[in-house]
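Shared between the two complexes below is chain A, which has chain B as its partner in the first and chain C in the second.
The block that comes next holds the complex of A and B.
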């Protein structure tokens, strides 16, 4: 990828879409799970699980698709642990989610060391072996459109899948009985039970779906976007997803807008980082006297600011974060 | 004022989300059993991966309590864990979900390093040490209050704001370590070393048994007394168990929660200050994960300050022993410790859920009054 061949705007827009893809993908899962009444703070850990699973399997077998499949399954497996504690066990969702993050951090670090030992040397380059990762998939003639071509039709295959999934989930939530049940699970599980809907089973499914989405988002980070793994490589993106679901007021459109906005901040930040070491984009040089950490901080400050401006009186799922059945007296 | 109670935000509507944790306090055998089970699980996992479990355990014990140096190292590692654990414990008990101990810890450490290396140099050491520790403590407290203010005036859930503020704090600290606080002769984010005169006094020479360790443990006892013997301790427990009932009983919930949050942040900030002055004596851009581990410590200690002290000791031994195993010929990755911690929490949640769930099931089979049975046949 050589930024010199594109103009600045196209390059930034393309990077924005690329940076927003994992956020949207994980966000769809989190949205579904939150609509069902389960808030999953562990989404960061699930993404990290996806990263390491995809990286090691793709690196060991040389097949990117195996890596992606493993990442989805691994995300679902860890999410099953979360569902077992919070839905079946009725434990606190925030605490279990935090434990999940710790677990993923430890597991990914351990597996990463074991993988390096298995490869035989410690100063192994973190890049995937050639051909094991995905490369961009251009959609025929559409990819040659000015601006829209490189931005929307020359992305990794998971981007197209994400767009399809977003449209599908939006339609399901909006128009089908299944979507109605999903929203009712979060707003009034009691009514669901009265209608003969198995609240816990449905919540289990929603959480497993969220785990699969987050795992795939992690795979996007490690075997598509960077072709590398680093300890803690998600770097808080899962937490940003949590904030974005609230920011989007639990709607698909709002979520995607938010993700694109944060993708834009992120890509600007990364472009500035590289512009510091190369001579591209003279327009950005004026910004270089600002400490680099300010740009790294920007997504989190923006997330906080967005929450502070918008979170008043938002309509959230009524019973978000509550176990089912709700009350037991001790 | 009743108008200050926002019923809008779903994350705020929890009536006593920690009631189950708090009410299951007296389960020491369960806790110890959980730790043993978690260790057993992880060790058998490692055995499957080809590591000899017995050799790991013997090195682990040797590296954590075998001799005066390992023992003092374990204590020194338990000190920040205890303080971040208290931070999480106090907050959770009072119904405030402070996940931000990591950021508060970092800021406390950074302010303390700044004062004791660049910004506050007297001829005599004690006032500098005391002022630097106090400033670090309050820096943590004020950073925590920011989240409370955001919740009170802008309805931002504390869970989210504290998590996001952790990242903001991380980059603020890195920016300062690369700017005004950078050590000479390095491009890395790293502070200069604190002059030995300002280090916390060490009780046994050449060990890391510094003054901060007894301070932390005394603080744990003080918090235990605060919880058990004072009105404030009782009120914060009531708020944690059921904020609605607390409000109806005339407790000023918002004000108390601000205070709880401030104390919680102060604990985490103090942890950072003591860690810098007592153990590391300088600071880099990556300064440990004590804040996140503190949540695990608090849960393992079941939110009881004395329990938290025990849990911090256990985790400190775990960390220190793992270093020895990592350095030995076994070369076990250090990240395994995080797996043990997470498995401990998850098992703990699962086991207490199972034990309390049985109570639930016995209650649910209570037969409803016979009159209700036929009513749907109309």
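The block that comes next holds the complex of A and C.
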């Protein structure tokens, strides 16, 4: 479909879904991890790891799928580091997660410089080679539907995978014994232990899963949505994911709604930033004197406000962030 | 059926179990009696795979088994009901049982489980609402869920760790027939307790542990209560007698000793609004506590005790009515810290969470309330010399058994931990004392100690409000008794009213 035929609403909706996809993907992982009782502040770092891993491998090999696979594995590898310190080592999850974010920021920057140098020897451009990034995948005739077509059926392939994953994880949490265990882990590891459930093994798996999801979300940002990498390109989206899991009251539906809400405000402010110069409406021209940072701030302010209003009276998993076993016997 | 042979287990220098040999018969209810720290919990943990013996062996049906984990224990047919329930509150009854009793990752096994659960609940004549979240169940109900859960996972041996500690007298009585039904179905029940009366009513055989050793095993009817207590504790005890309230001159009520003392604490028409619309956790409560008396509040847990206590502590503001300390009518507007002139001694129900800082030393815990006041501080600096001196006095006076004052409180036994709380709260002679289930989880000796301390404080003129779910202990030392039922407080004519009348009031049928 030709973008020129899209009306503003369709355009905004499409941008919203596009912006929400990585948040939902990383959010699924974070949700699973938090239900199991581990709060992974390092989600931002994991996403950034995914960004750089996907970009460099896709750029070096020319295969986007290799980049995506590497991003997932890299996310899991860094998550394993986090799991080793917090679950096996019983270190504080907030502190370890923060350290992880700093590590990922430094590491991705270093790899980025090395990659640029290496590429510089062959070719001055740092854009992804043609074909290395993903392009949108239109789903046959469905993509020609009015409104729904461009919004839901002309997205990157990872979007469809995210929808499937969300449905699967929702079903698992809701209907299977695995989901029961997952929900129990965060609320009462004591009860799980008494039931013969290996608390730490389960938490390891949940954190690895979250790492994989966040890595894939990073890949979405670098080799799908932008075909580029920039230092700290996640720009706090990982922290937004943390907030959105709380916003969604640890439910899949709430999480997705929150991500769409955040994505909507984000695409709205981006459109507004352009519209103040291009629009026919004089009222919008008045906004030209407003610094663009104010617009960029809007989604975060909105997320904060929504969080303050909506997340009251829901404590979340009782043992979120506590190591297990809680006390080492004397 | 199950045999433990020469089991020993040490924790550091302490022998928790010393050469314990125990043999359980099929279809029997076997009681394990012992004081706190006698090794009961360790024994149970070994049976359930949560701890591993240093020496000795376990035989099940004649075959040697190694119980390396709770899963292994369950596979062997051993189910356990822990004293502190191990349930996930946000999940439903069925989900909790599925967590424990089903296997595999995918199917929660609803249909098959419901069949197994119904088979047991029919035998026990219980009615469980399987779809209800555990968080909505009262303690007695939760215990039933725990028992059914253990039955569904086990099948041969049911271990009950202090099952009656959280129950009302009525609920305890109601627990006996179902447990007999379990035994009649061919299972062995292991019943751990330190309450003699229940063990006598329920058990066929008993084993008495003292300091990690078996001091007696045999049929229950071979010993009388006095002999059992003697074996448990090693010597006869001085304990406020639970019956014959009137006969003890020391405990006689002071109601008619002429002029009534002025109330130290008064609640006038206090109501508290609940979180749900139209719910009143406390409604028009009138209450007074005078110097030199113990006012006992009886009631089944969950009838408003929490709200009453938090209201008195100033943690909850009443929607209506006044809480008055001494004679200042507006004192309910002050925070707990600024209710000066009325030092309040508070023994909370949950000493681990509300009263003690477990990793801190005995000394630091003893000073928690006074560390910043003269003479324990000077210009904002701690005077450790005074701390040491005062805590040494308190440790002696309240007979706290600890290696020294610098020992972390968390390493002491439950009874000694409670002594630390009592020493801190009563040691400075407060004029008003609020005690909530002060003997919870304590053995006979420690319970007697706590109750005697309350009686001593009363003799010295303290006004004591005692909220206690153990009716017998409450009646033994209270001068006046009121019953809290469904948020409403009603004073009884105790000691003229009978125990049975009060019990009926607790259940709202009188």
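FYI, the second predicted complex is superposed on the first by the 297 of 330 C-alpha atoms of A that agree within 3 Å, B and C clash if a C-alpha of one lies under 4 Å from a C-alpha of the other, contacts with A are read in each partner's own complex, and residues count from 1 in each chain.
Simple rule for what comes next: contacts are C-beta pairs under 8 Å (C-beta built on N, C-alpha and C of every residue); 3 or more make two chains touch, one makes a residue touch a chain.
What you see is a predicted model; the values in this text were computed from it and never measured.
In the superposed model, A:7 makes contact with neither chain B nor chain C. If you count the residues of chain A touched by chain B and by chain C, you find the higher number for B. Once chain A of one complex is fitted onto chain A of the other, the partner contacts of A:180 are limited to chain C, with no touch recorded for chain B.
When both complexes are overlaid on chain A, the residue A:190 reaches chain C alone and has no touch with chain B. In the superposition on chain A, contact is made by A:321 with chain B only, not with chain C. In the superposition on chain A, A:201 makes contact with neither chain B nor chain C. When both complexes are overlaid on chain A, the residue A:274 reaches neither chain B nor chain C.
After overlaying the two complexes on the shared chain, residue contacts for A:106 are found with chain B alone; chain C is out of touch. By the touch criterion stated above, A:303 is placed in contact with chain B alone, chain C being left untouched. Common to the chain B and chain C contact sets on chain A are residues 318, 330. Those residues of chain B that touch chain A in the complex are listed here as 6, 8-11, 14, 17-21, 23, 49, 97, 99, 150, 154-157, 159-161, 163-165, 167-168, 171-172, 174-175, 178-179, 289, 292-293, 295-296, 299, 331, 333-343, 345-346, 349-350, 352-354, 356-357, 359-360, 363-364.
Listed in rising order, the residues of chain C touching chain A in the complex are 69-71, 74, 80, 82, 84, 86-91, 95-96, 98-100, 102, 104-109, 153, 408, 410-411.
Per the touch definition, chain A reaches chain C in the complex via residues 175-178, 180-181, 183-184, 187-188, 190-197, 318, 330. Contact residues on chain A toward chain B in their complex (touch as defined above): 39, 41, 81, 84-85, 88-92, 94-96, 98-103, 105-110, 112-114, 117, 231, 236, 239-240, 242-243, 246, 291, 293-294, 296-297, 300-301, 303-304, 307-309, 311-314, 316-322, 325, 328-330.
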